[in-house]
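These notes concern the structure reproduced below.
The chains carry the letters A, B, C and D, assigned in the order they are written, with residues numbered from 1 in each.
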Amino acid sequence: MRVGLLGAGRIGKVHAQAISSHPESALVAVSDAFEKNAQALAEGYGCQVRSSDEIIADSSIDAVLIATPTDTHSDLIEAAARSGKAVLCEKPVDLSLERAHACLANVGEKAASIMIGFNRRFDPSFGALKTAIDAGEIGKTELLSITSFDPAPPPVEYIKVSGGLFRDMMIHDFDMANFIMGQAPVSVSATGSSVVDPAIGAAGDFDTAVVTLSYADGRIAVIKNSRRAVYGYDQRVEVLGSGGLLQAQNMLENTVVKSTAEGVCSAKPTYFFLERYMPAYKAEWTAFVEAVQGKSKMPVNLYDGVAALAMAEAATRSAHSGQPVKMVDVLEESERREAV
Amino acid sequence: MRVGLLGAGRIGKVHAQAISSHPESALVAVSDAFEKNAQALAEGYGCQVRSSDEIIADSSIDAVLIATPTDTHSDLIEAAARSGKAVLCEKPVDLSLERAHACLANVGEKAASIMIGFNRRFDPSFGALKTAIDAGEIGKTELLSITSFDPAPPPVEYIKVSGGLFRDMMIHDFDMANFIMGQAPVSVSATGSSVVDPAIGAAGDFDTAVVTLSYADGRIAVIKNSRRAVYGYDQRVEVLGSGGLLQAQNMLENTVVKSTAEGVCSAKPTYFFLERYMPAYKAEWTAFVEAVQGKSKMPVNLYDGVAALAMAEAATRSAHSGQPVKMVDVLEESERREAV
Amino acid sequence: MRVGLLGAGRIGKVHAQAISSHPESALVAVSDAFEKNAQALAEGYGCQVRSSDEIIADSSIDAVLIATPTDTHSDLIEAAARSGKAVLCEKPVDLSLERAHACLANVGEKAASIMIGFNRRFDPSFGALKTAIDAGEIGKTELLSITSFDPAPPPVEYIKVSGGLFRDMMIHDFDMANFIMGQAPVSVSATGSSVVDPAIGAAGDFDTAVVTLSYADGRIAVIKNSRRAVYGYDQRVEVLGSGGLLQAQNMLENTVVKSTAEGVCSAKPTYFFLERYMPAYKAEWTAFVEAVQGKSKMPVNLYDGVAALAMAEAATRSAHSGQPVKMVDVLEESERREAV
Amino acid sequence: MRVGLLGAGRIGKVHAQAISSHPESALVAVSDAFEKNAQALAEGYGCQVRSSDEIIADSSIDAVLIATPTDTHSDLIEAAARSGKAVLCEKPVDLSLERAHACLANVGEKAASIMIGFNRRFDPSFGALKTAIDAGEIGKTELLSITSFDPAPPPVEYIKVSGGLFRDMMIHDFDMANFIMGQAPVSVSATGSSVVDPAIGAAGDFDTAVVTLSYADGRIAVIKNSRRAVYGYDQRVEVLGSGGLLQAQNMLENTVVKSTAEGVCSAKPTYFFLERYMPAYKAEWTAFVEAVQGKSKMPVNLYDGVAALAMAEAATRSAHSGQPVKMVDVLEESERREAV
């Protein structure tokens, strides 16, 4: 599989490594708005620098990986889909739910085979937890709890263009909830605050938030986010079921335990997403290749991408209004606007 | 200190043991609506069986421990306070917030020296966590998370008279939130469900609930309750602060780890509150004796008892209405009604 | 059961508490070479101060607990046995293996019903480990490993009269090996050193030692001792079997975990034997009472006490000579000398 | 750096991956006694198949990695050293201590820059433990304990040609002891058994062994080996020092914990050396490249390889004779024989 990479930034580099080290895919071209970025990456991997349009138009290229800025995702997904490419696009689909819905409409039935990069589904521990649920190891799931803290907040300048905590950060957890619970919630209730840095609040965003999701069958999920956990990247999932509890805990940097007069101490969690999720990015690419080869269903698709974005939209509204938001209202409004 | 025990049920027996094994207190009398209960307990401890009224009227008795049914708590607190007794009353103060507010008004300034039995504050691990927070070990607290699952639901008949999940079970966690956060929240948002047993839902209650508490200074707390965790009594507290995370984890029945071809397994959490909190009940009594002796402030008093009850009232309303509830509305209404 | 306590020192006080809080035993008398010690204890428990001889001679007393200095154990065991008392004697039986063998001969068949206070057999975690082995949960046991470190070395003055590391400290671990393996080893190979404190070496003893035990059926056990573990009392047992591994780990002071920029830290192990083994001392007394009442076999008897002492003797010789020592040689020599 | 790989078996493949994925090394040729093996590997990596002699003779090749059968190691080390190649040779140097000593003599001062593949030194957890020791985090080291169990015994046919447990398996742990303790022991005392499989004993070898190492400065180390741990590859190191304890624990397959009515269970340790030590093999190669480039000292060299082999020789003799063996005796005898 000949692959073009759109976007040579931090996350593009991660994907380049996964693409080139996979035995059945080859990185043949890369594009970036900053040509220097593309050049640097191209040299490392021995591939061409081209424009995104050229890559999409090149019939010798089988697949594109979209790792460009978020506001270009929908256009590139549509163009690549029209051009018959297999597509793996970084999350989120878009910051605008209407635009995402429009993208869904525009790609039509191809939506089910366009992959959205919710890499955490491919984390070995979250995967093992999901497998255990599906195998009935804790019976019927009842209460899901996701803890997801970043080690340090990004610059406020980034916050301002990020779409906000729910669309930028918690969107991963919304997808995780959908992955674990196997269905979308019916309502979303969010509480947000800026206790970490008032400047984040002044920019209209939150740095700390709790979201409760209610499901039609009575199940409940709760997601906690903070932009700052000084001990590292805290990524945990916990599910209570009729037959027990499953917890996916943090990976630590190493397994050394030191006992001294001060206490018993171990290493910290792996620092951030590159350290924690590198195996997940590789597994994600492998899953994409297999699905493109028809060996399996596309494991997370454009519908999933839009579903998580709709939850982020609902949570954003709920956190600002202080009232729970029904998912059906958010979805109907988006579809209505998009139809206009 | 000569002590009279009002109530010789399951929890009364726990307290009898703590009272009699303390070097500075003696159990001298016990009452119970079922005289057989009182008789059995009195024999074991070599004390008298008397009515609650007689015990309260007896000027040779210094203190009473109220472990009777909840609907008698307020009356007995008032009577014992009038009679000049030191008082330790089991939680909750009452199921009715108005009655609790009236009790507060009736005992006047004695409220600060009447102890309410929120035993978990005396658990060694929760105590160590609180001490670490007060010592600034994780900086400024930002996000509190309490997990509190019972091993198995009580009979539905009990549920019906319990006052509901929030007043009966989560009230402990509301007090824990007040203990950890050091102030009351300004609003309460609750989501409840009956995924464990539909019969609990049919009885008008919930068996699974998530409550989010918002504080005036922007901090957030979240409490998760379930009536069923088949692996035992799950009692955990976790606080994120500007300088780190504190977690109080479960105590296990023993420290044996077994590694076999099937996995690596340890013992389960201690089964239920008697196993988990026996040291806490002893420490609670010791703290009460010290406070009565003037060596320390009463560590948890009638105001604290009413504060937790008000949060339970707010959560109950929120879970039924689906809307967040402001604490000020609940408190004003209660005080208004009480004034009528 | 009316009980006389011989010895009111530190460990005597621990036993006094266990005796008096047991529903079926009462502490009626106490003796001590320092009458003040006996007086203080007697006041706390409302019992008489008498001489050891008087207590042993008193036909109204059913049982004696011997917690006097080691060099009086054998005499007191023999006297109490002659007087028809049930006996629980602190470890070790004696510092002299010959004297212990003579004691065994002198009490005759009563040896099987005289209990020696190897309290660790009654620790909940070691007990659970043994139960799991007996239930076949790891198949056939193959390799046992015992880690046993004290928090800090005793004064060198104590070391000089202690009988040495192997008779004073590791004797507990020899008994634990016998408990877990269910048979005595055939040979003992010891390596000792004084890396903690050269003064201990100058006094002719070791502060750090490793002992390997070989069994007739090919199984192996290894015991590690150190007089100093600055993080607390380190008491672990680990058994590899054909079907898996069992580990009994340390108990921590509480379950709080703190994650900061420096690492992830938990509480230290409980500090020393009083903290760690208090439940074991209570369970030991309960087991003794039950055995005296004929409800069960005496769980650890004079033969066991002598067996552990013989292993300590063998280890002492091996550590000094640098050569492995056959148990049969130690036992034959002791019996030969005793016969002389 | 252009690299030739001698040996295309299981471990050769591991190295091929490390060599080819390193940015500053390229795999240019491979040899194997079974040409099919070499062919298969060469196709995967796009390199040539040649004989070992040809590779060593080719002046365009900078380095060779020797992953051939053990009995060829010394000859290939000598040939490659003569040819001026940088050399990384798999452990052990040889099964014969005399041959290894001769190799040392033959390569002369190049011995310090020939690397021996003790991959465990490059394991992130063992490395972090060593770093902590060197930083003085537990003060002066006193007692080292290494647990090293394989998941399942190899076929008896392999055992027969392996050189025995101590030269084949425990040699890794001898090197780990040298790495941690920073010096060689003065005496070795071994106890071996065949409790796992009597056929291993019948073949003259052991499947279970405990070795005690004594150091000139009084420190002690103990190593435990078993050929069978049904729960996986058990690789732990624990060091007691004057200031505390350091433990490097097992890596688990994932971080999922399942709590059910049966207990609290986590994943097993990573299964075997390929799973556990893959990052170590990569780090080993990186360290070799850096040392060859002169950026650092060769981290483990031919002297280290011979030192571990001498300890294996001593342990083998001790386990068979039942007597401790002085290292000086083993070394003098080897040097004497070699001189003959």
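In the analysis below, a contact is a pair of C-beta atoms (placed from the backbone, for glycine too) under 8 Å apart; a residue touches a chain by one contact, two chains touch by 3 or more.
As the structure is a prediction and not an experimental result, all values here were calculated from the model.
Undergrad: Using the contact definition given at the top, which chains are in touch with both chain C and chain D?
TA: Both-contact set = A, B.
Undergrad: Which chain's centre, taken as the mean of its Cα atoms, is farthest from the centre of chain C?
TA: The chain farthest from chain C, judged by C-alpha centres, is A.
Undergrad: Using mean CA coordinates as chain centres, what's the chain B-chain D distance in Å?
TA: 58
Undergrad: Could you give the separation in Å between the centres of chain A and chain B, each centre being the mean of its C-alpha atoms?
TA: Computed value for the inter-centroid distance: 41 Å.
Undergrad: At least two other chains touched by the same residue of chain D: list those residues.
TA: 229-231, 234, 243-245, 258-261, 267
Undergrad: Using the touch rule from the top, collect the residues of chain D that touch chain A in their complex.
TA: 21, 124-125, 127-129, 132, 137-138, 243-251, 253-261, 267
Undergrad: Touching residues of chain B toward chain A in the complex: what are they?
TA: 140, 142-143, 145, 147, 149, 187, 189, 191, 193-196, 201, 208-210, 212, 214, 217-220, 222, 224, 226, 228-231, 234, 240, 242-245, 322-324
Undergrad: Quick check: in the complex, which residue numbers of chain B touch chain D?
TA: Against chain D, chain B makes touches at 229-232, 234, 252, 258-269.
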